[in-house]
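Paired with chain B in one complex and with chain C in the other, chain A is shared by the two complexes that follow.
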Partner chain A sequence: MSGWLRGWLTTTNHKDIGILYFVGSLFFGVVGAVLAILMRVQLFSPNNNFLSPAAYDQALTLHGLIMILWFLSPLGLAFGNYFVPLQIGAKDMAFPRLNALSFWIYLVGGFLAILGFFLPGGNASSGWTVYEPLSGSQYLTGPGPTLAFAGLIMLGVSITVSSVNILVTVGYMRAPGITWRKVPMLSWFIVFMLLQALFAFPSLLAALLLLESDRVLGTFFFASSSGGYILWDDLFWFFGHPEVYVVLLPAFGMIAEILPVFSNRPLSERNLILLATGALVVPLSYLVWEHHMFITGIDLTEDEAFSLSTLLISIPFDIIILSFLKTLTKATIRLSIPMLFALGSIVLFIIGGISGVFLSSFVLDVVFRGTYFVVAHLHYVMVGAAIFGLFGGLYYYLPKLTGRMYHEGLAKLHFAVSFISFNILYFPMFFLYEMPRRIYTYQAFSDWGLLNSIATVGAFIFAGAQILLVINLVYTVWWGRISLTNPWGATTLEWVPNIMGASQSHEPTHIGEAHSELQSSRPVELSVAIGVGFLGVALLTYYAWGWLLLGLGFVLLGYTAVGWARDDANGVFHIADEVSETWPFNRITKVRLGMWVFIATEVFIFGAILSTDIFIRVSTSSWPSSVGIQDIPLGLWETVVLVTSGVTALLALESIKSGDRRGLVRWLLATMALGAVFIAINAYEWYNFFFVRVPSFTWATGLPGSTYFFSVGLHSGHVLAGMAIISYLLYRVKRGAYSKESYSGVQNFVLFWLFVDVVWLFIFPLFYLA
Partner chain B sequence: MLTSPLDVQPPTDTIWYGLFHYYLFLGFAAGTIVLTFMVYHAVRNREKKGETRPAPKFEKREGEWGNWKGTMMILLVTGSVLAFVEFQTFASTGLVVPPRGVDPIHIEVIGRQWDWIFVYPNGVQVIGNLTVPEGEDVLLNVTSLDVVHSFDIPTLSVAKDAVPGHFNALWFNATELGSYLIICKEFCGIGHYLMTGTLTVLTPSAYNQWYSSLQAPNNSGGGGNDTGTAGEVSSSNSSATSSAGSE
Partner chain C sequence: MKKTTIVGVWFVVVLSALAETILYYLSPDASVTEGVIGVIAAGAATTTVAFSMGLKDEEGAVHYMVLVPVLLVAVLIITMLFAYPVNF
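This part shows the complex of A and B:
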């Protein structure tokens, strides 16, 4: 392997990862665009049969998934990775190796989703919303969809890991003097984006885990007639609506950076914008999800409540946009390329936002829902506002990324053609408000044909314009004229070379150099291991050798996990834990904060799954009494064992706090043993359910089984993970780690273990007693 | 067929378009004002060629909190506009809530991949063709045998999701004779685009005649529709309904 390739595969430097994210997301953008063009050709004229219906359905599904999740969200993360540490004067991310892991998991997950096209039966064809029961194995057969959904799980994990990482980075790694008030707008908006993602993605992850369990194991979460469809809608849209802002907020951050620089004045109402976003947009976005379900059969009261909350969320956006526009007054405006894109983004957002107010009305939504009006609206927001804002950011930062200036004329042409063709492409769709989305073809009545033809022509021009961007990128990297260090006269920290230890402008990253302490092959190995395992999961229902792949995945996973831990213990790649000096995190260490943020996502995952259990239980008319199924004394023993293990874990922590390393080992071993007893009782219970009990009680015999086995199984997985962490701690103790002064590793473990205990305290009464 | 203007607007259509015009007018006005403001300032404040840019002179607080009175004014104005349109929406729930005091004709609508089945009060099932009398309230109970569909009559501005295991109510009053398109507007699989039906509006007397012909034993006419018995359709779909294995 050449040093260059090895460098890119093993780098953990935030700038390198940022560039990887740029390249990766633009690659997926091209894939999504090709799918879009195929769809537009198919819709060009009535009764067209350019694609087969099956191919069209797959294209529309993967177009949505890839564009939103593998192109737009990671493009925002690319800016986050590269520029947030620079803007706040940090040397790197809080957890560089985890940062690399997020990228590679994201990439492998994306490849899995694309690989679905090449498996027998093709890819997922359920629409990007993956509505149930259509996406269950009963209606959507074949390994392709299972694989694509597994790819989605990897994407969710990737974004969650990124969220933890960047949030801790901004909380902990700010250079002295960079107070929260001085954190630049892009970094603020990336923080908002990731706060949004942190609590939205667990809902998607939970939903996908349940869906995959339905598809592979044969559980009944969504296949059931007890409201499985509405369960999916709720879980999905609780993720789905905040996801829109995950896509949008980085673009707003870019606009907020660009506007003041090119208006030659400070950003107007900076604090008001931050307040509106942080205090209104982010929390409110979790309270509007049912506006996607107005005609699904929810109560009129719910219709009204969610219509109102949706309307309320337009108020902070109103504040943001008007503040942006106020920056244009009393200004001297340079209409350079980044500024043109920023202004274009605002124009398109205004159109998209106003059309969104139409959709907030549950009465108007009766007609608009599920039609091209919605398609137009969402593309104005997601493609228009988000892409124009982010492309503006790309041009703005290109001199910083490459040290060279882009071709001005080509860039102007790119903007002009993009902006005009965008409107040719999407504006006609507002008039198609009676044409349903996702139809393969349509009859030759009314004016649908003409409007669709215009849109298709627009699509070709729009796609062509993006080729100009690619040409310009290549041109800039190889032939662009050398740019000034700070060509725009910006005042944020990332443009100031070599200040406060921040990495320098145009400084070559360490690709190709031997910085073994900053490089790790574990992220790539771990991602590939998970990818192989998931490929096996997707295939095993159809081909026996899928089991082989799954086994291989597990072996690789074990190998890399052990390697990861060993690297850590041996200091091959070790990040020093530290306490921040700035409020509000001056009391806990960096890793501990990371652990807390991680547990917050876990709370949401278990919250979603236990709510699912309760929902299913309430909406199923006849639920068997658990007394007849569960062995309550056994469950009680499990509870006692687990609670005791919590106590021993705390005693382990107390021992090391007073410097008693032998006590630490003793209590850790006790905790490990109690964990093993818990798992053993569990295994005995499962054995009884499967093989002794008549009739047997498995996850495939009905909803009580599905909910019980899934929830308890997921919890046991966490107990096993905790036991693996104990082994790691013991290994490190053996090598001399931990003392009276340094015990944060033990502390973090205890936090995790107690969380797992608490989850059981919810599971036990839910399944054994009620 | 979809957009043909009607002489007498159906009540649901009247409600919808009445509301739509408020939104359209205010949305258009708001968009125009904001975009004009933006373009005006972007053009007026453009840097002139050869002009040296003056150094920005701003008080510190201007960039941070600025003019809170102006903000409040803007919030008040936009808040009132939004409150007004939301009030109009709340006043238009007649589109989704059936009118009281009349006894509508009850028809059950069953969606399945990829057909609409209509079950009339006498239990007769017709596939693909919904026949109703002109000028009378009709109440549909919409459900699905398999996946989620969405029952949509664009001409009447009414739609409701068809979901398995649950009935959703939808009402309309067709005020003009003719036949109109019924579509499915929730993606429901490979035949989604083919899942269409026809709404036929007859005069009340013609409807009564047609309805009584439905009741005749072994009828094969029914206005040229596919007809069958209740048992026939549901048994052919039993594989879909019995799948859950949950209860």
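This part shows the complex of A and C:
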């Protein structure tokens, strides 16, 4: 393998990862755009048969999923990866290897989603919202949809891991003097974005795990008549609405960087913008999701509450936009390319935002929901405002990324054609407020044909305009003139060369240079292993050799996990773990902080799944008593065993804190043994349910079985993971690791193990005593 | 951490599980019993998180980080349960 390719595959440098995210997201953007063009050709005229209904539905579904989740969200992460450490004066991300893992999981997940097109039966076709019961195996047959949803799971994991990583980086690794007040706006908005992703994506993950369980194992979560489709709506939109801001906020961060530079005056009301976003947008984004469900017949009081919260969330955006406009008043404006895109983004956001206010009214929402009015609204916000803002950022930072200047004329043409064609494409859709979205064709009885034809022409021009961007990127890299170190006269840290201790920012990239000791092939290996495993999961229902792939995935996973542990033990990849001195995380180590943030996401995943169990139970008119199903004394013993393993884990920690390495080994072995006893009791119960009990009680015999086996199974998976970590700790102890002064690995394991204990404290009463 | 704290938390949690089980046997499937059992379980979990996991000794920001998802889950489940007044 060439050194160049090996460098890119094994790099953990934040700038390299940032560039990989740029390239990856632009690749998926092209795929999503091709699907969009196919759809627009189909809708160009009435009664068109360019695409079959099934092909149209697949193109529509994957267009939405790819554009929102594999193009727009990661494009924000590309800026976050490259520039956040530079802006805060950090050497790299808090966890560089996890950062690389995030990217490769994202990439492999995207390939899995695309691969679904080439499998028998085609890809998912139930819309980007993956609504139920349309996404169940009774309607969407074949392995393609299962594979696409597995790709989504990988994406959810990727963004959750990225969220933990970047949040810990900003919270923990700011250079001396970079107080929160001095953190630049892009970094602030990336933090806001990730504070939403942190708990939004776990909701999607929980929903997708349940969906895949339905499709592969035959459980009934979303197929049931006990509110299955509503359950999906709630879990999906709890993710889906914050996701709008996950896409949008990085663009606003870019605009907040660009406006002051090109208007030669400080950003107006900086603190007010931060307050409005942090104190209103972030929390409210989690409290508006049911406005996407007004037409499902929810209770009127909840209609009113969510209508109000949706109106409220427009206020902080008003504050942000008015502050942007105030920055421009009486300013000496340079209409350079980044500024043009920033202004374009503001204009498009105002149009999209105003049309969104209509949808906050549940009366109007009944009329507009499910029509092209919503399509226009969401594209103005998520495509117009976000893309123009991020493209502005791309031009702004191209001199930093490449060391060269882009072609000014081409860039101006790119902006002008993009802005005009975007409006040709989407503005007519506001007038298509009677045309249902997601239909593959329409009759020639109205003016729909003309408006659709105009939109399709706009789509072609808009797509063509993006070719100008690609040409300009190639031109810049190969022929662009060498740029000044700080061509715009910006004042933020990333433009200042040679900051002591910080990641050096002017050079394009550093593969194999400053970070040669921090290269690792494990992230890409682990991602491929997971991808192969998921491919097996998708195929095993239809082809016996799917089991072989699943087995291969597990073998690769085991190989990579052992390799990862050996790298750690041999010091091949070492990241220092000092105590933080930056507010508000004083006195905590980096890894422990990361562990707490990770646990916070786990709290939401388990919380969402147990909420699902409760919702299903309350929504089902008759639910069997646990007395007739569960062996309650056995469940109590399981509880005692697991809680006792928490004690032995704590004693292991106390042993190493006092320098007693033999005590550490003894208590870790005791914890492992108790974990094994817990799993054995679980296995005994499951054996009885499947093979002894008459009638048998399995996950496929009804909702009580589905909820029990899924929740307990997921928990047992965590216990097994904990036991694997104990093996890792014991291996490292054997290699001389851990002492009175250095025991953070043990400490973080204990935190995880006790969290698993806590989850069981809810599972036991929910399934054994109710 | 003191060994008395470790054993004390173990004792509280095991006692809670035992109390939940006895309550259930005394009055199975009564909604009040289920509510009380839920409160006891939450108490045991909070005790473990605060003392054994050491959350009480962490910085305030870490407290909020753990509290936020708990509150969000509470919002989610309450909203879901009250959205539809009748069984499906």
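One rule holds in what follows: the second predicted complex is superposed on the first by the 760 of 770 C-alpha atoms of A that agree within 3 Å, B and C clash if a C-alpha of one lies under 4 Å from a C-alpha of the other, contacts with A are read in each partner's own complex, and residues count from 1 in each chain.
Note that a contact is a pair of C-beta atoms (placed from the backbone, for glycine too) under 8 Å apart; a residue touches a chain by one contact, two chains touch by 3 or more.
Quick caveat, the model's predicted, so the values are computed rather than measured.
A.B. asks: Have a look and say if chain B or chain C is in touch with more residues of chain A.
C.D. replies: Of chain B and chain C, more residues of chain A lie in contact with B.
A.B. asks: Where does A:297 make contact in the superposed view: on chain B (first), on chain C (second), on both, or on neither?
C.D. replies: both
A.B. asks: What is the contact status of A:442 with respect to chain B (first) and chain C (second): first, second, both, or neither?
C.D. replies: A:442 sits against chain B, while chain C stays out of touch.
A.B. asks: Check the residue A:354 against both partner chains and state whether it touches chain B (first), chain C (second), both, or neither.
C.D. replies: A:354 contacts chain B only, not chain C.
A.B. asks: Tell me the contact category for A:227 with respect to chain B and chain C: first, second, both or neither.
C.D. replies: both
A.B. asks: What is the contact status of A:757 with respect to chain B (first) and chain C (second): first, second, both, or neither?
C.D. replies: A:757 contacts chain C only, not chain B.
A.B. asks: Check the residue A:621 against both partner chains and state whether it touches chain B (first), chain C (second), both, or neither.
C.D. replies: After superposition on chain A, A:621 lies in contact with both partners, chain B and chain C.
A.B. asks: Quick one: classify A:331 as touching chain B (first), chain C (second), both or neither.
C.D. replies: first
A.B. asks: List the residues of chain A that touch chain B in one complex and chain C in the other.
C.D. replies: 225-227, 230, 297, 620-621
A.B. asks: Using the touch definition from the top, list the residues of chain A that touch chain B in their complex.
C.D. replies: Chain A residues touching chain B: 53-54, 57, 125-127, 131-134, 138-139, 220, 223-230, 260, 263-272, 295-297, 300, 303-304, 307-308, 311, 314-315, 318-319, 321-323, 325-326, 328-335, 343, 346-347, 350-351, 354-355, 357-358, 360-364, 366-367, 369-371, 434, 436-442, 445-447, 620-622, 701-703.
A.B. asks: Would you pull the chain B residues touching chain A in the complex into a rising list?
C.D. replies: 1-3, 15-16, 19-20, 23, 27, 30-31, 34-35, 37-38, 41-42, 45-47, 51, 53-54, 56, 58, 62-66, 71, 74-75, 78-79, 82, 85-86, 89-90, 92-93, 95-97, 113, 146-148, 150, 152, 154, 157-161, 163-166, 168, 183-193, 241, 243-247
A.B. asks: Looking at the complex, which residues from chain C come into contact with chain A?
C.D. replies: Answer in residue numbers: 1, 3, 6-7, 10, 13-14, 16-18, 20-21, 23-25, 28-29, 34, 37-38, 40-41, 44-45, 48-49, 52-54, 58-62, 65-66, 68-70, 72-73, 75-77, 79-85, 87-88.
A.B. asks: Given the complex with chain C, which residues does chain A contribute to the contact?
C.D. replies: Residues 171, 199, 202-203, 225-227, 230-231, 234, 238, 286-287, 290, 293, 297-299, 301-302, 584-588, 593, 596-597, 599-601, 603-604, 607-608, 611, 614-615, 618-621, 625, 627, 632, 636, 639-640, 643-644, 646-647, 650-651, 653-654, 751, 754-755, 757-758, 761-762, 764-765, 769-770 of chain A touch chain C in their complex.
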